[in-house]
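In the two assemblies presented below, chain A is common to both, partnered first by chain B and then by chain C.
Take a look at the complex of A and B:
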């Protein structure tokens, strides 16, 4: 039997691994679950549209306005809600998504905007804040999870991990890159090494580690040990990376391009126990010929994303997966002389859905030309508080660095209640 | 007594290249607009009608404007729900066909006091980027990769085929009307029989690049014009792209022999200029005009057998399209600022 059904609903199905994991965790922590959310199989999928996707060509179209551009708005599965015509497939999934149309992050720099949307904070000289992925890895992932807590499927890249993303949470919560959607390097044992000899190798390493850790246990040494253990578990789960196992039709629906393969892999990783997967789709930094490039980019995004949402729903995973579609900022309503749109953080949009989110909700409003928020303005602090609430986490929970309390989300930003289930 | 050394024989002096000969009957060294026609929204296209009475512009407010060249009077023409880049005219100019980014073709009685749509057809799934008229047939190409042939009088579709695996940027009838040409986003040119049978295809490598950093194709044939005698076609676009999303590249015109399926020559501005060649016109007198927008606006005149231009003119702002009058005596340039300027060339 692969799953234990708690209430008969597939949405509440719980994997045997999670049950055993939770029991195991309880046994080792005196009954108090180290991570109660792990038991509920909650997870997060972040789709990051790198470069700054245009809100007018996606979630907040302004057809007919001087800033509207050439695209029309189309109706969606939610009466009265329209999106850009570049999203015909996603339009059929809007009843499963919430749109936040009143975002003002007041930061038009790529790096700083990306930091804000990954951490929920502006950069400060005195403290570096962890990525959402690292927070989820710490607060949601089961300790025995076979996969790294924060996986990043990205086009290009060189693989490896980024402990900097975890900031003060410690390196073991940093992101691990799945470069070009390929399995991590050296995931296969060398042909000369039998699994028995590999076990002996690790037993010897563990013995050496335990002696060392007994006297020098730091976040770094802990991460070192955990990395080895996690690598072994990933090797055992290497089939997760083989998207060729998926039915051909499903692969076709996701799309045979990079983003399609990456989203299919993301679904497999989430299904396999990953608590947080980020998929980057690049690039949207369209200072030149914004409309042509959005046709291309959205042409990949739309069908793939709609298929992903439908697939998660069909597998009973959507209601326990918080799905985020974010970018570092939006793009200027003004169309520049080269048919481009530049960086614009004062009035832009994101979409989210799944775990804890009311499908079909729209919150926030921009003016007729899309230049300013006129109703329910929010910033990244509000968004992060919303993510936390959606996951059932306390946004005010504090992390202590040398007895200095650091709230997990910006205390100035409250959750957007209108979109929370 | 010293003997004077014999002087080495003098090297023949290198002859200076002859100055570009002026084109008889044309003043290309100095340009002054004869008309500046201002609309309230940025322009995306302009065309002279065949009769020479009108110039038609299209703008970012989804509208067309008919301007009288006699008195500069503007008549607005509303009908599309998106921008219009493609225009074609019946032989005498009585009917204007506009093809929009809404995928729709509209036929307009051009000489009416207030032209209203007389027919329209849903022609493509996605943008229509180019149209051409010949012998009562209307040709269109769009983002759906298709080329469509219609009865121009009724707009009824007679034939359509999937011609390209990406956006079709240009379509044309060959000058003798016997063939159909199409060109795409990836800089490929295809020659077709009127029944849709492929005759040949060839690439124009200078007009396309896949930008690996941004993971996007950039380029395409943005405008084209046949040589007066017909066997060559001048294709315009952007080349040397180092950053697709910032438009960092240079305007280029490539002359191709479409019968032989090969590139003949590239025409490049002497001075570095960042931008896209949005318009090209091959004049009956033999010279080629190119208009670019990007980091400002520029206009160049070339002799087709010389790589560098005869004359270059800085334009007051970004050019987005250019049209040459049927008699070749004028060009019009559509600007991002909303103005179309008419420049006399003959004189």
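Take a look at the complex of A and C:
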């Protein structure tokens, strides 16, 4: 028997029930299921499709329209909802996802668009806003959380962790990079050092710190001492990086490519107690040959993502994990002369699901050519308010910088009630 | 050891020494004058050993050795002023400050066309000769890389490939404290003082210069053409009016080219084989103008950077945002420091001495209760992280790296320290081309926890700290030596008891290694208090 097909897509002539049965019997039973008690905590998985994924080749297809491109729309596990045919596996998971098709972020610059989708705000000269990952690290993660609050699994080796992502929340809530899905360097304790001895030397360090910092605590000292604790967490949890321990079939279904490995690692990290994991998939900036690129990129994304959703569900983690598939913007309905699509923020889509989200919901609508939102237009402020509500947090909760109140999400954007459970 | 104890304890009584240094006095006058409640709100001086640690890190880039700490503790007289003088003439001063200037100006770029060692030698020799910093900068922007004896100074330009936009940006950021990059395509949208003509006036000194691959020298050098004007349009201007700009520093008048007949343009005309050398060089004019019309801006930038280097934050912050709408945290102090730089004729040591002798620099880092924003108002010293160099070298020196090399000549010792410190420094440094910024990362803590080179610092080697601790006669002696080496202070009773307890638990070498590790990984070591 070949690889178990994880697609629930009607294209594969397999009912959802049959797929679930196949999954139950096959791929998902090999590994030890996580402790259900650990699953009661809420967590967030953010998949960032860097460069700007095309909404027309994913969540909001316009087959036959002059702007539609060559691909068909296919039915999904939700009657009446169609997605692009490049998502045959994901089509089988649409009943677990909500689609937001009326996004207008009005920002076509990569850096600024990315900032908006990571922070829920437009850039302002006077204040830097924290990433969603940092907000979650601060507001959701328990203090005794077993892993750093904001993990970023990314391709390439140069990313590096960034305390700047946390802005005014303080550097200890910054992102910790998991470059190329590999454990960080120097993760193994020296051969001569037992973990008991390591505990002892850290206890002495902590005592020295508490004496010194009693009269001088600053954000910088806190960030510094925190990195020692994070390092210890990583050392203790380094087995999570052994994705090879997963059953072979499941690994095959995730895909034997970077994005597949990274998503499998993300699930393991979430399972291991990480409150927020971001996985970056690149590069969707398809000014040239948009369609060929999307065939190739979606070819990786689709099956991996569908497997991930199914896997989370099978483990009982999906209902407590808010899953987001976002990008810095979408792509122009207009097809340029290089068969490319350019940056487009006026009318695009995202998908989300899991914790607090109504599966199968679709909100927002674009016109027949996809050039404008015609119903239920939202921006990143609405999205962030929605994420907060989905997590059971108050979007209006304030953070104070020098007595200046800063609401956690842009007060101009209210939550999208239609997709909240 | 016991004979050492008495003077050491006596020396811990803090006391600020009165100083006659004009720079120091001007600093303190500016700070106290700006705050009517100054006397009530300002913290007292830090204790003597804390001062020694602070000033050693700032002037020679490392924590004091135990021997230095003991000598300082038992010294009498104007010991703080004496320590400053000793450090300013210490063999490590030029070695360390060459590295500071390098990180300021090259921002850890990898070597491209000029060997880093030549550039470092140039900086070190300039410091040894007490070359005024304005002249140093003028030489750097005027260098062409042709003369092998002067190759090092050309690194600033050659390793930026003499790319006019990059060089213009970095001269404006690093030497003038004004990041004009956002004024390249239009007047700065938010900063009124940064005009498009400022960027292009500065670039007009440089845009005729080019990177020349000299076939005879087999090296990249800098050539220059005798023609080529800088023109620009604003992207915000609907009429797209093209403007022309001759060389001129921001706010200063333009420097018109002299009228020269076509035959008289070149010393050597540019060709594929020959480096262009014009008779009238706009680029060489820049070196002159920086010392002339640019003097005030150069001085303000130097004052601001030195203040940031020695106190943790620029008076004007960020360092490359000097403009009328970004006032200094204390305007009178900024003015005073700027005029001090000018009256000291850009003498680096005079400025460092002045700052180090000021009361502001010597204050305790613990603020008085209830005083808000004490650091911002210079009422208490700012707790600041060690730079990558300070941390790397201090880890070595504190664990007795220098002690174990006793008898080595200063230059040989410096080279060894550089070799051993390299790995730590690069792990702590920001990416190349970025200014230094403290960003502690998990990866750094893992290195600290597990890297074999850190482990080797904890192991006994003849003369080093672990060796001396193993030979100490009792737990109290261990505690004293350990705390002096690590934190440049004596342990209190609780700390002594903890050390004694740790020594009982495990075998002695293991306990010693763990004690050293715990303190070297602690915030007290990582920060300057």
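We adopt the following convention: the second predicted complex is superposed on the first by the 373 of 421 C-alpha atoms of A that agree within 3 Å, B and C clash if a C-alpha of one lies under 4 Å from a C-alpha of the other, contacts with A are read in each partner's own complex, and residues count from 1 in each chain.
Everything below uses one rule, namely that a contact is a pair of C-beta atoms (placed from the backbone, for glycine too) under 8 Å apart; a residue touches a chain by one contact, two chains touch by 3 or more.
These numbers were taken from a predicted model, which means no experiment stands behind them.
Undergrad: Let's test your reading of the overlay: on chain A, do chain B and chain C clash or fit side by side?
TA: On the superposed model, which is not a single observed complex, chain B and chain C fit side by side.
Undergrad: So, does A:51 touch the first partner chain B, the second partner chain C, both, or neither?
TA: first
Undergrad: Who contacts more of chain A, chain B or chain C?
TA: In the superposed model, C touches more residues of chain A.
Undergrad: For A:230, is the partner it touches chain B (first), chain C (second), both, or none of the two (neither)?
TA: second
Undergrad: Touching A:189 in the superposition: chain B (first), chain C (second), both, neither?
TA: Once the two structures are laid over each other on A, A:189 reaches chain C alone.
Undergrad: What is the contact status of A:162 with respect to chain B (first) and chain C (second): first, second, both, or neither?
TA: In the superposition, A:162 touches chain C alone.
Undergrad: Touch test for A:328: chain B only (first), chain C only (second), both, or neither?
TA: A:328 contacts neither chain B nor chain C.
Undergrad: Contacts for A:295 in the overlay, against chain B (first) and chain C (second): which applies, first, second, both or neither?
TA: First partner only.
Undergrad: What is the contact status of A:311 with respect to chain B (first) and chain C (second): first, second, both, or neither?
TA: neither
Undergrad: Return first, second, both or neither, reflecting whether A:212 touches chain B, chain C, both chains, or no partner chain.
TA: So A:212 only meets chain C here.
Undergrad: Chain B to chain C: minimum CA distance in the overlay, Å?
TA: So the smallest C-alpha gap separating chain B from chain C comes to 18 Å.
Undergrad: Which residues of chain C touch chain A in the complex?
TA: Spelled out, the residues of chain C in touch with chain A are 190, 365-366, 383, 385, 431, 438-452, 455, 494-495, 498, 502, 505-506, 510, 514-515, 517-519, 521-524, 526-527, 529.
Undergrad: For the complex, give me every residue of chain A touching chain B.
TA: Those residues of chain A that touch chain B are 51, 63-64, 66, 69-72, 155, 258, 282-283, 285-289, 292-293, 295-297, 335, 337-338, 340.
Undergrad: For the complex, give me every residue of chain A touching chain C.
TA: Per the stated touch rule, the residues are 125, 148, 158, 160-164, 171, 174, 176, 184-190, 192, 197-198, 200-202, 204-205, 207-209, 211-213, 215-216, 218, 220-221, 223-228, 230-232, 234-235.
Undergrad: Residue numbers of chain B touching chain A in their complex, please.
TA: Its residues touching chain A are 41-42, 60-62, 81-83, 101-102, 126-127, 143, 167, 213-218, 244-247, 275-276, 293-294, 317-318, 336.
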